[in-house]
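Each of the two complexes below includes chain A, the first together with chain B, the second together with chain C.
Here is the complex of A and B:
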């Protein structure tokens, strides 16, 4: 980690293309000139002089310094300080490059099956060349094979974060990077992550993209736990199966109603203490529906795991570590994960 | 968890209490006493050994501020509205800073190191925080200085801001 290195960030890297844009700056695919390695370069302007280093950047760097050794957390390779054309200070975060994310991956399957890697197609063709509707079969088989693997990797990465005292708080398909070739999945975007090792006054409620936000956060719990991430994992699990968001609310109230329509309106019996949460009030009374109505093609073991991820009472929700041990993953070959 | 809760309670890291006239949590009063004691000891050491090996850094002011460290800390606490834990975390960061960089806490650098380390702790730890311009005003430095000190501090620590529960408790126990 250099402040004034031999080469400035501009000299050390060749920007190849812009691949994203965030609140504080752009993300580029770039080549490190010294090694030829392809990286993702996240540029953070400090041009808003009043703010200094954005807390999202400060948290992301700090937390990734600790977590990057896990294969399922994106690797932060370096942080460099530089100056832009106007002489303003810029921070460059250098990440390993991943060519896609889960959001794009899911969307590609919603549109067509064209993104199946060629070597997978070759294997499938050699096994069952006579299948009539080849594309449909490939898509279905492909997802069945990789669904378990992707979900296992996600649980493993989350377990690693939680085991180190970190809540992610913004798990969603867009923040889960993937390598299409190896089908490896990595947790990224830890700008909203936080430590839960030290007591503080109150946690914010504006974390977690709405669709993946846990009910206790929506209802205004002042302190929440690792369970908020597992709720997000459950929503992602369902979305991987159906290709559609499980609870696509467009306001906090609508988000709650989406959840209540499927899982039933919670009460003190299923969730002790729920009526005392800050944002609680009278809601329409729905009875719980079977999860299979929302995720019809998921098998029984998968539905059981999903139901444990979507428990109302946070303390009853399955942990990431326990999820890895669930029988749903029993027949998954975990040797390379 | 019981041990943790007891430690937090005795140091008033939880809900605000009124057991002290100033309303300042016990942990912070002990913390600032430690700082002031360290400063006196360090300055005596530097004076007697005649070693001018306390390097002048961006955190040194041209003269020692009139305000005591305790009053400076109370001012920061009053206007930052941060969790008291942030001051314990700030102490941990300052220790890391000196371990990495060398040097000593003195009346010339204590105030600037304190405002910088608390600000960084708040940004890392609390979900409610203010702009650097605000902390600069609270701390009596310019925004430009605040920004430069922040970057210097972060790169010196190599952005290693995470604190384990165990380390945090260890510091709390020493302050009990």
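Here is the complex of A and C:
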């Protein structure tokens, strides 16, 4: 199986440490022996008595082969076949290494206490600069500066995927890798991603981590499209600001109720066709609340963009490409993004 | 009358380029169209008598497309063309009749299993694409001891991979081999062949196919609702008949463009 002169995964890489569990296997930080380069190895065991290459691995590799030239999608460098200690066949996906993800990044800020809106920081700073703890000040200044950049990069990466006919379907902070030094953000873990064509076919229902799942999926729509990713982007946007999940449901019903309490219970007026969806029931009737109640420190332009990402009717939800053009990003320096 | 005449001429041209099965498919479609028209009339009648909004909403919602789905970009067509690879197996098959024969059997088998499980047209197109690329990459034509069973094993692996990429439910390897074949492979053999195929194809399992162009053309034409579904269904039927046609003609991706001409004319309201 191995070609002459081609190193097996074990010979080519030195494993340094396990850094996580991906959709279908373990992830290691490793060094390529020939170049000294640090990479991430994602390990997938193939059970030879079972059914071959898992669909998640197959889709992820194939889709990454199409997408890896965008700077905001994680780069797949190689696929290596090897054998583990028991002689079983193992696949290693060799990725560029990114030192953290958005989930860890957000958590590191959560520990530094309550959020203060950037515009208030500016006012207070101009009046009484000495009262602030230096670290506290820089933490929040840092985050408010980078919020736009991170969101722009996310929209750009998603627009690239959608432009190539790819739905991610599992966008969440854990799947958005980051480099702390450059503040670059990259979309990763495309194990649930799918190529789509018109007409959108019936897809598996069990996709998307619950907190970032679009209402049309929760209500049982099997024909869905790019809009499901934009709902996830909206949830991530809010979480970047507040450092808490926007809709942290612990069941599908609770997830829907979380959404309805903030955005109002949908009806045929705001979302034509909603009552025909498979999982539709009678729900408690809530009126919509202002998004500023959930994301109080986001400015007006940010709230407008967020509201367009969280439209109930999928066809009215903003696209990733249009989001990049939103005025919220007008004052962002995009030259290096 | 002039329209019918023009359509007939188009069919003649198509018949010259494609084998007889295509023309048969077009005739069959006409019969099918008649049945479809009757059904549509029934639906209209029932909805007019009941006058409930629920019925009409249900009918329309099942074929509603999101605006995003119909979005198209100027660069998209040139992007598809740039990514298209020429099918390089055609010339090889002309020189290796044994391989051509086993490939033909493999393609027929793929289409039968595809129909058995009601897989999508795209699954069949992908499976045949993988098989052709694999056969070319391994240059079986140079092997004087060419084994037909190897082509069949490759076909099983390619259909399995295509189903994994495209379908939501994939049968087990053994269950996949439902149609009669000279060989029945155990799971372990298919497993290993999958890896071999993936390595040979560089794991590029979302190639540009004729359906990619149909996707583009449908959105460009702005066809919506029932018309869109009908258009796509007919094009897919024609493409599958070309696959199954005499001689197992190699299908270039942009062949998806020429088969829609008669469909377009039939869909004209005039």
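Simple rule for what comes next: the second predicted complex is superposed on the first by the 305 of 337 C-alpha atoms of A that agree within 3 Å, B and C clash if a C-alpha of one lies under 4 Å from a C-alpha of the other, contacts with A are read in each partner's own complex, and residues count from 1 in each chain.
The definition used in the following text is that a residue touches a chain if its C-beta (ideal position, glycine included) is under 8 Å from a C-beta of that chain, and two chains touch if they have at least 3 such contacts.
For clarity, every value in this text was computed on a predicted model and none was experimentally measured.
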What does the overlay on chain A give for chain B and chain C, a clash or a fit? clash
Touching A:209 in the superposition: chain B (first), chain C (second), both, neither? neither
Given the touch rule stated above, what does A:100 touch, chain B (first), chain C (second), both, or neither? neither
Contact-wise, after the overlay, does A:65 reach chain B, chain C, both or neither (first, second, both, neither)? both
Looking at A:79, would you say it contacts chain B, chain C, both, or neither? Reply first, second, both or neither. both
Kindly classify A:51 by the partners it touches after superposition: chain B alone (first), chain C alone (second), both, or neither? both
Counting only touches as set out at the top, which of chain B and chain C does A:225 meet: first, second, both, neither? second
Would you check which partner chain A:292 touches, where first means chain B only, second means chain C only, and both and neither mean what they say? neither
For A:307, is the partner it touches chain B (first), chain C (second), both, or none of the two (neither)? neither
After overlaying the two complexes on chain A, where does the chain B footprint on chain A coincide with the chain C footprint? 1, 46, 49-53, 55, 58-59, 61-63, 65-66, 79, 81, 89, 165, 195, 197-204
Which residues, counting only chain B, touch chain A once they are in their complex? 8, 13-14, 82-83, 85-86, 88-89, 119-120, 123-129, 131-134, 143-144, 146-147, 150-151, 154-155, 158-165, 168
Interface with chain A, chain C side, in the complex: residues 57-58, 61, 64-71, 73, 120, 122, 157, 160-161, 164-165, 168, 170, 172-173, 187-188, 190-192, 194-196, 198-199, 202-206, 211-212, 215, 218-219, 228-229, 232
With touch defined as at the start, can you tell me which chain A residues reach chain C in the complex? 1, 46, 48-55, 58-59, 61-63, 65-66, 79, 81, 89, 162-163, 165, 195, 197-204, 225-227, 273, 276, 314-315, 319
In the complex formed with chain B, which residues of chain A make contact? 1, 3, 46, 49-53, 55, 58-59, 61-63, 65-66, 79, 81, 89, 164-166, 194-195, 197-204, 207
